[in-house]
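Chain naming follows the written order as A, B and C, and within any one chain the residues start at number 1.
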Amino acid sequence: MKDKAAIKKMIEELKTLKTDDMYLNDFFLTWNESDDEIAAVFQVAEILRAMRENNISAKVFDSGLGISIFRDNSTRTRFSFASACNMLGLTVQDLDEGKSQIAHGETVRETANMVSFMADVIGIRDDMYIGKGHTYMKSVADAVQSGYDDGVLEQRPTLVNLQCDIDHPTQAMADMLHVINHFGGVENLKGKKVAMTWAYSPSYGKPLSVPQGIIGLFTRFGMDVVLAHPEGYNVMAEVEEVAKANAAKGGGSYTRVESMAEAFKDADIVYPKSWAPFAVMEERTEIVEHGDDKALHALEQACLANNAKFKEWTCTEELMSLTRDGKGLYMHCLPADITGVSCKEGEVEASVFDRYLVPLYKQASYKPYIIAAMIFLAKFKNPSAKLDQLLKKEAERIR
Amino acid sequence: MKDKAAIKKMIEELKTLKTDDMYLNDFFLTWNESDDEIAAVFQVAEILRAMRENNISAKVFDSGLGISIFRDNSTRTRFSFASACNMLGLTVQDLDEGKSQIAHGETVRETANMVSFMADVIGIRDDMYIGKGHTYMKSVADAVQSGYDDGVLEQRPTLVNLQCDIDHPTQAMADMLHVINHFGGVENLKGKKVAMTWAYSPSYGKPLSVPQGIIGLFTRFGMDVVLAHPEGYNVMAEVEEVAKANAAKGGGSYTRVESMAEAFKDADIVYPKSWAPFAVMEERTEIVEHGDDKALHALEQACLANNAKFKEWTCTEELMSLTRDGKGLYMHCLPADITGVSCKEGEVEASVFDRYLVPLYKQASYKPYIIAAMIFLAKFKNPSAKLDQLLKKEAERIR
Amino acid sequence: MKDKAAIKKMIEELKTLKTDDMYLNDFFLTWNESDDEIAAVFQVAEILRAMRENNISAKVFDSGLGISIFRDNSTRTRFSFASACNMLGLTVQDLDEGKSQIAHGETVRETANMVSFMADVIGIRDDMYIGKGHTYMKSVADAVQSGYDDGVLEQRPTLVNLQCDIDHPTQAMADMLHVINHFGGVENLKGKKVAMTWAYSPSYGKPLSVPQGIIGLFTRFGMDVVLAHPEGYNVMAEVEEVAKANAAKGGGSYTRVESMAEAFKDADIVYPKSWAPFAVMEERTEIVEHGDDKALHALEQACLANNAKFKEWTCTEELMSLTRDGKGLYMHCLPADITGVSCKEGEVEASVFDRYLVPLYKQASYKPYIIAAMIFLAKFKNPSAKLDQLLKKEAERIR
């Protein structure tokens, strides 16, 4: 556990990072943030965690609301957002929108304003429809910006992307912080090999935002990121372009390979996970827009049948033995489809999953702090001064 | 934005108003409140808003619960109540009662006590059944009063009517505060013409509490209030009596006219909105009491068919041009049924609605402060002293 | 109402009780707690209540989460838990698990950790399946313990049993605190007769945890506890063993009798309440495990038919007249099935229920304080010092 002196030192390091543009801004896609901004999120997350471990309150809001808009059930993300808000002093108020609706123009603008009179933060998860989630978040952001400019809202709430169709920044950054800690610092990541691979699941339509988030972020750290999936399970081309550009800039690489075995070979990190093909998800969005239930069912059946051809894409002990010294770090965003446990045939063998249980839980544990850090950096112009103040005040969380 | 000196001045003005009877009392119907009490709600709402704009905390509760009892889905009212409670330091706890149930005697008494052991406020929305909502609220008020008298409850929670079958005080007062600000002060309202009119909506059974709330409150300010609706769409006779008496006392007038055009003629304010005929709502209540689903469906169909005869009752640009200098203030409690946007034919033309978007959102923005003011005035014997104290303390909301 | 001097005295009394083992521990079954620990819960509950009556804040958490896991709808328990958390400064976050699922191994471990990153308390109600609820709670406790030991969780949340298949400690202890206050102190309970009896209800499958909780706890106070039920409506044998052992140790008795009349004879306290036979509940658990809906329906019908044979098991005025001087204290955990009010034929005659309305509500009013006391004792190593500090600080709840 880090002590107060260590926290003080971390705050000093934070001062070297330029975060001005984050102030009063939103967090949508990691690749829209500068290296300093990404580093600042990690740093603030670690500081908030250390403060909590030292029973030092990080309650920077005396009152205020964090609005959650989830278009999908999500225990984990819901609890992470609630935890982050609670830590900072905000109360969560859920806006329950129907799962099956795709909200449009005017309605979005009106609802966004109606729920934001006292809102400091809005967290949105909208990952179900390709081409919609990110667009929806931008509409909400535009709506509250107009509301603020027009004098309707006293403050402009900050938006945090809790998962969209393109990126899953809170997941990818929690994952990355886990990797940083696992390998003993960001300076040790250069040259590490990361295998982001598709894996079979008996379910259909899992979002692409996790693999996209990983290749979009992990390529920034000089690592060799490899993506592997069966034919047709492509991710969005524009995100692959981001990955390539990041790799070029950061001194690493981004490659697509044809098999799990090739991807796992000498990998330091493996992230085998199911997702739906981009083309199918695009078709699905169109079908949902037209409300064609029959076509939706047909698409689902076709997709499941196609999935079933790739049951051998599963993370076995044999595959794990191909990783660096047979000790590659297994990662997953959870919940995983575990063969013989949560399903007959799934993404991972039970013995592999069990062996990595503790690291997997630790990986998940960073998310509340990542979300809190994003909020913190959007709300305080001088975040290190504010953290210094909290540290000096040393108000006890449990009094 | 008002500065601290302006807030100080507003608190001084508040001191001239007699609010003793509001202390530890409930807020049910605006016409049960004195002119001073109504003025005090507006004044406290404005002070709380100004404090928030100055980042001054209004957290007067260190802990405590605000219970919400909603018999209908309501994003807007739910968020307004949650915002008001949060601003004052209360946590909202929702009591989910079934939509279709009409609670009776013993059950009400028991539930009211069971949820109130730590409750400081109870906000109730129960507008679905004519003759029931207000009665239900009175039962809850009686129940917690007995609970307090009998030593079951340590404090008697204050009730706030978030919409009943008779009045919608938080809406009508938020609307009125918008009008006051729009026209630059309550002293400028004398002689202004207000047109509260029915408008066509493809839906059925919208509550009467909005038009009733408006004619019951707006007639107090020396304005000429006109009600217009198709034959048979009468509101409650007792509320019209209130409107007449208020108008007589306040130097304005209350009139019923036969058409939107007549109502809109030279109007300073227009409020075109759908509602169900009182007689139909009465019949509906009886049917629901007997659990007769078939009769309910038949009534609904008949009502919709009758509604369809009055599609020309819609707020067009042409009608708007009849208002004072063609610039009358368009109001709506939202969400509106907008022709060609949210429905094929509705309450208002899209171009009218769009033109008034910002004022409509501002109108809505007053509600959280109105609710907070009602709670504040019920909880502090000397509200101006308490506000003075908050202003002097100047605790930052965002620290 | 107790004043500050009285509160001070109560804190002094608390100092004589040994509560070290409660620190960072869970509260599952009253019979796993020592006499000192049980007494400490009552004492802290009374102190917290007196503080609240004196408007003294008991907010010992500046932030933090109380997780609620309810496998059944429960307005009362939900509000009690929310009240207790709010009073201490915790925010409740609900985990909605499906009603019909019986969670197993891995899933429990994962979910328990995923929701606990910021959790200080977890309150669980899982009473629907005999042999499952308590086991489930132990799994959650083990999961968060491992999480803490493995460095996944920064603190180990405390578990509070809000009702399981074996015991209902927050109910039984609230009931007992009511009895203590009703009879003017724990020292007056020796030799009092308590009749815990079955009573007819038109519903099926009410949990056994209330009668089990009562006989398991009330036998500790030197009282003569009598259990009566129709043939076949046995409670768990192991809990009867607990009751016998407690009675032997505490100088009272535990007896089973054949009729309500025999149980009510000269009783100081009567607690007539419906429950399902243990054997039926065991069969039901097995059926649910196998997902056999048809068998479940058949079991339900058989059980209801059997219930109907015992409609004369109802708390009448005639039976009440058999109690000590005809003035025995009638108790119920609420809601009761009241003949002619909430059902045609039920657990109690309306006139009996009505006569005891105020004591029944008072009985219920202790629950939030009991829960808060359990949390308090688990979170502070030196609870009396912490209470002293709160009393000295005298922070106002309503400021």
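Definition applied: a residue touches a chain if its C-beta (ideal position, glycine included) is under 8 Å from a C-beta of that chain, and two chains touch if they have at least 3 such contacts.
All of these numbers come straight from a predicted model, not from anything done at the bench.
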item: Angle (degrees, nearest 5) of the CA superposition of chain A onto chain B; value: 120
item: Proportion of interface numbers common to chain B and chain C (over half same, under half different); value: different
item: Rounded Å distance between chain B and chain C, as computed from the means of their C-alpha atoms; value: 41
item: Where chain A touches two or more other chains at once, by residue number; value: 59, 91
item: Residue ranges of chain A touching chain C (in the complex, touch as defined); value: 49, 52-53, 57, 59, 75-76, 78-80, 82-83, 86-87, 89, 91-92, 334-335, 338, 341-342, 357-358, 361-362, 364-365, 367-368, 395-399
item: Residue ranges of chain A in contact with chain B within the complex; value: 59-65, 91, 93, 95, 106-107, 109-111, 113-115, 117-118, 120, 147, 150-154, 379
